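Below is one structure. I have some questions about it.
Letters A, B, C and D name the chains as they come in the text, with residue numbers starting at 1 for each one.
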Amino acid sequence: MDKTQESLAGIAEKFQRIRQFTSTICEGLQPDDYNAQPVLFVSPPKWHLAHTTWFFEEFILVRKAGRRYFNESYPYLFNSYYDLIGDRVTRDSRGTLTRPILKDILEYRSYVENEMLEYLSKTEADDDTRALVELGLNHEQQHQELLLTDIKFILGHNPLTPVFRKSQHLPSEKKVAPGIEVPGGVYKIGYDGEGFSFDNESGAHSVFLHDYRIDRDTVTNAEYIRFIHDNGYERPELWLADGWDWVKNHKINAPMYWQKKDDVYFRYGLNGLSRLNLLEPVSHVSFFEADAYARWKGKRLPTEFEWEVACRTQAELSASENFAENGHYEPVPHDQGAHFLGNVWEWTNSAYLPYPFYKKPEGAVGEYNGKFMINQMVLRGGSCATPKDHIRITYRNFFHPEERWQFSGIRLAEHIH
Amino acid sequence: MDKTQESLAGIAEKFQRIRQFTSTICEGLQPDDYNAQPVLFVSPPKWHLAHTTWFFEEFILVRKAGRRYFNESYPYLFNSYYDLIGDRVTRDSRGTLTRPILKDILEYRSYVENEMLEYLSKTEADDDTRALVELGLNHEQQHQELLLTDIKFILGHNPLTPVFRKSQHLPSEKKVAPGIEVPGGVYKIGYDGEGFSFDNESGAHSVFLHDYRIDRDTVTNAEYIRFIHDNGYERPELWLADGWDWVKNHKINAPMYWQKKDDVYFRYGLNGLSRLNLLEPVSHVSFFEADAYARWKGKRLPTEFEWEVACRTQAELSASENFAENGHYEPVPHDQGAHFLGNVWEWTNSAYLPYPFYKKPEGAVGEYNGKFMINQMVLRGGSCATPKDHIRITYRNFFHPEERWQFSGIRLAEHIH
Amino acid sequence: MDKTQESLAGIAEKFQRIRQFTSTICEGLQPDDYNAQPVLFVSPPKWHLAHTTWFFEEFILVRKAGRRYFNESYPYLFNSYYDLIGDRVTRDSRGTLTRPILKDILEYRSYVENEMLEYLSKTEADDDTRALVELGLNHEQQHQELLLTDIKFILGHNPLTPVFRKSQHLPSEKKVAPGIEVPGGVYKIGYDGEGFSFDNESGAHSVFLHDYRIDRDTVTNAEYIRFIHDNGYERPELWLADGWDWVKNHKINAPMYWQKKDDVYFRYGLNGLSRLNLLEPVSHVSFFEADAYARWKGKRLPTEFEWEVACRTQAELSASENFAENGHYEPVPHDQGAHFLGNVWEWTNSAYLPYPFYKKPEGAVGEYNGKFMINQMVLRGGSCATPKDHIRITYRNFFHPEERWQFSGIRLAEHIH
Amino acid sequence: MDKTQESLAGIAEKFQRIRQFTSTICEGLQPDDYNAQPVLFVSPPKWHLAHTTWFFEEFILVRKAGRRYFNESYPYLFNSYYDLIGDRVTRDSRGTLTRPILKDILEYRSYVENEMLEYLSKTEADDDTRALVELGLNHEQQHQELLLTDIKFILGHNPLTPVFRKSQHLPSEKKVAPGIEVPGGVYKIGYDGEGFSFDNESGAHSVFLHDYRIDRDTVTNAEYIRFIHDNGYERPELWLADGWDWVKNHKINAPMYWQKKDDVYFRYGLNGLSRLNLLEPVSHVSFFEADAYARWKGKRLPTEFEWEVACRTQAELSASENFAENGHYEPVPHDQGAHFLGNVWEWTNSAYLPYPFYKKPEGAVGEYNGKFMINQMVLRGGSCATPKDHIRITYRNFFHPEERWQFSGIRLAEHIH
């Protein structure tokens, strides 16, 4: 049995499992929730369901297998940003597409899944096809996370603060762990394994790091409240100029989803509105807030290289962390130990730029990552909304510095003199 | 049996009939359609269902009958613009309210209907209560029209151009009728009958009119196409300055819902996309377009006073016109005769301002009409989306001069030398 | 000597006098002031100087006398809004035109003045030419007022609050006069004399008025402060809906140019910053404020027809009022008597719409007034910045309801039962 | 004679020379030019003159020497962005400040210069004071460059395309030189000399570079035209996503200041409008354009570290380059040789971020650089508008990726396999 045939069997099972998980996530939705787009950067759940399906249809069924489209209008409706594929609905119209209706989209999903499974069972996959299927699955997993954070945005801005999923038992203890010290030198960065990786993390290369110390865990709500009480949101010297403008223009005075009632902080989570858990990692902070917090603390954010090297040094990194499959969908307090993966994404002080040997892939797939390499900052480590087998130590996520509807938190570092 | 008791029986029947018609209108909707708000001025169907219900709950059940709210959050969610009642969801958020779900809203409707019927059956209505119920019913009828035009906007901007309601047989002939000449003099304007009227049309008063001639019918699609072919949209001298800016900024070159394919005009209607019927009245034009068309034709729009006086002179005004109850939901070609009511609203060259004896009612009801008397133009006559027993000869509708998602058409007038 | 020749001599003198007054107004300017455009609706003084000159060059010297342009670029630079003449610099760029420099513009003015005087001295003017020269002079006078109000805006928003012109002695007394009662009936409206008038006020026609009472004088600062102290700016029921939005969005809490320091009101005037004179007419209020004030007072604004008819009834109307030629450039307190002309413009509750017999003139001159007849409200009576021989009882000024950088005040009226 | 006293003498001479050069730059201005602010990012020349003066007054005369302000309003008017110093005029109002007038500002400059010279002559400068004076002078030099590029923007957007300074003789030849190859390894980056440097370039540290090749000179107009002719501005695959939006939204199709007439390119320069010189370095391109050009060419932009290391390897780097003191104020064609300094700034593919050991200085001076370290890209090397003794090999300039009113050009690099 050669490697190609083995892989095809494996990939079909993986395809089914990942697609199924998208449906699992949607279990808490009401029919009314599927079509909302309260702000430009949030997409309606129905659109996520269709768009991830279109990706497989377009790149595998149509382009590789020569099938016709399920519906000739769908590429126009469900292409997200691929300029080389053709015209598309503008992003701000996604929430207005009441048709096709949800039932049609679910049929579309079934259709494409069946076609894909048939195709995978009959086809001797070339490298390119396998890479595209892998890309499609990772793409679906990225949208699983967005699905959760977009649902949170939709429900979290509803005055009724609905519960999406009942809360589960939470750890109630938290011990402070000492920082990790990393000696300076030349380190390898980036992915060079056998499995799937995105183009933006590939091309292993060397960087020089000076000695540094990095925290073993991320900042908690309790710690972040100290920053607020010390007037962190009112002191311009703690902020980048653009961050200070953002704070003033949007009257920011706490992380997203926090509400203050009679001097007590509550936070909206997918498990509803509840009193803030002080032991939880702070999340839904922007880069601007993470950066200001670090400055207030007399430290700084790590670069993405410092993060990656430190993460590799931790032998105990395990699969026991808080990922989307746990179904908790909110960060949890940590016990003692180093926690680099899961729970909350961590802002780094690295701009999202190409690695030295980066080459944008040819054609529409080349639009996947490369064209966004400007004006965004890198986040590392995955969150409680990230599927577990989607994350990697080398994984680079990226958002604009003011964005905070993802589960984004803070880890601190400092220079060792 | 005194008059009050008679009226109460009558009003309960009317209440049921009008509320039922709202449900009838919704029959063509899919669950997905209920929550969309593609532009600020369109409200989601679900919101219309809840808001019209809230009106009865707020002004009758809570304020008159002393009941508690069905849900304490609903006033916040479904108040439209009454500042004196309290805070409310901002207009641009209506489309983001996925909760309460449709099922809850339908329950809310049932609950309020039952409570209202019980209240109406048991209560000896004072004048104020009767007036409020009448206002609520007329309010519901206004929203029935908005429901239709908002549904049309939502579906008409969907790339799939869905059919909301199958087309019906249409008249195919149209004969030109001569204009109506009205001699100058002092005329009475405004409502002073016994039945319901809005505050904005009440307070009968006198105006002086000079001799004028007014068309017996509204402008057809065929006539409007001649304006387009004569480069009507490209000649600044035909337009008001703000209208010319609007044409250029929005690249306007035809009425809303028209599409040109291979030199043939199609138009989207609630019966789907079909070839333009040349005999139909032109509709979905803005005041700017109506005004430019009139100037191109060497005529002008009538004032609302000229319209009202001319309308009264027509003995044959009848109930046979095209209103919402017909279920056609699109304008139809006219036979010979004067047609002032139904089919399409007609722009006048009158700004929406108070009549001489106008007094804004006290309290929140006073916000119904009076506070909008600026920057809008008056339309008269009702349309194919207006409930028949809602319209009156004295009825004043009003929209901003660039708005055209209502069924708005053109009637011309001219001075007689 | 026939009438034509008489008129030509007269018009040359008038031409010189009016042009000279533009220079008189500019005496208080520093070179730095000539080029500023702090907001879109304010034009730089240098632009006013050039634009009024271009008007004579374009319509008389080039189009009538066949001369070449002083500079081929100037029509592009100094045309304001005439679409039929050709392209032009966008309005928002006027403040960026540092070239041509002031010296060049003053030469341009001299050149056109000399050419015009020569032309007027040698030409047997036809009716059309005389009408154009009259139009140009009235146009210049309109810009004299705008020059003053634009200068006030530029200097009044400078943190140094510079004095443009030293203050003069002011009356210090003010007696309340009873209102004027006007019986209902059919009245004549509009200009039908021999002299110059704008197209928008011509075409005398009849209107019917019901009995009304109108104040003999405009509202004072003292009276307006009572409105403020009664929380006038915080009560939505007093405002039109658009006005209420305007108040909240722009945090309006007093007329333009008022400043509050330690509970005392100051106001910036062209004579500098000084303590508010309570006897002065309130000025620099928007239509929204005028309308809210009237509602608070239990009265209403007059229509422009009521204003015009009442004004005609006042025998004592005289040339002794406060106009631009006085050089005071700010409103003054009134003695006992009726004051309809000068001091402050008065908002009416009439939308700016065409009179019944209105016909837009052919060609570019037709763009002067007619194309602005939408979304604006009429003001009557002239102000302290209006040249005395420019105003008429029939004169219709017009601005958008939120605008208030003109000297705009309030006169109240009410219905007589 | 100790070092401190020597330095003070030196610095007074330098102070006079640098301040004088600001006046030299202004020689070509007309009085009308001093106050214009055509877009938000351009400041009026008068403001530059006052702001650079305020810097010395605030940080030396007031804070060190204890003098009173020349005018109490000036700190409010001429502070640029120092939040810790207090309120200030908003940036968009700079062009509206017609007062203080130019004469007052020139007096302000004289006053501060005299006071400074007196202070420098009498004071035994401590390290902090000397550092502040040095900072003030470098600050003034930065504004000299901005003064030139802002003047160019003001005059270059005037329809009359005025000449600011007559053209001079230009080289007419250009020979292509081979690229420079740099072997991989650990390199030192940043300033650690004795003289002045900005905080953002200090803190020498190590970076690891892989083997690379970098061009000896910047891209010429001739080369850039080939990109345009190959439809560079119409192919989305060449652009970053934000860059492609920028191209479409602003209809970009050539560098700033280029005009196409009858298929021939002209460019506006401070020497007026002239036919494009094909041998000149392309300038006034945004980062987006530089990046797209590099992708089209199959190369990439260097990182700022690659640029700095390559620059150091060039023994022939000299003071003979094209800087502001030459008075040419436009880029010139290069002869054979490596040209890293002067002529045009060069975009790098490095985001503007803190160096590893960066510490923001305490107090208001700490706002000089650090707070802008987000969303900007680094440029290196100085331009024809940069004073010669202001530039350094380690100098880091920074602008947003869409900005191009500076003299910004392109140097290419590539990976060596």
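Convention: contacts are C-beta pairs under 8 Å (C-beta built on N, C-alpha and C of every residue); 3 or more make two chains touch, one makes a residue touch a chain.
Predicted model only: the values in this text are computed from it and were never measured.
In summary, no chain was found to touch both chain A and chain D. Set against the C-alpha centre of chain D, every other chain centre is closer than that of B. Here the spacing of chain B and chain C, counted between their Cα centres, is 38 Å. Centroids of chain B and chain D (each the mean of its C-alpha atoms) stand 60 Å apart. One simple way to say how far apart two chains are is to compare their mean CA positions; for chain A and chain B this gives 47 Å. Counting only residues that touch two or more partner chains, chain B has none.
Chain contact topology: the protein chains form a single closed ring, every chain touching exactly two others.
Chains that are in contact with each other form these pairs: A-B, A-D, B-C, C-D. Only residues 81, 83-84, 186, 205-208, 210, 236-237, 239-244, 287-288, 295, 300, 349-351, 353-354, 356-357, 360, 366-367, 371-375, 401, 415 of chain B touch chain C when the two sit together in their complex. Those residues of chain B that touch chain A in the complex are listed here as 30-38, 46, 73, 76-77, 89, 93, 95-102, 154-155, 157-160, 162.
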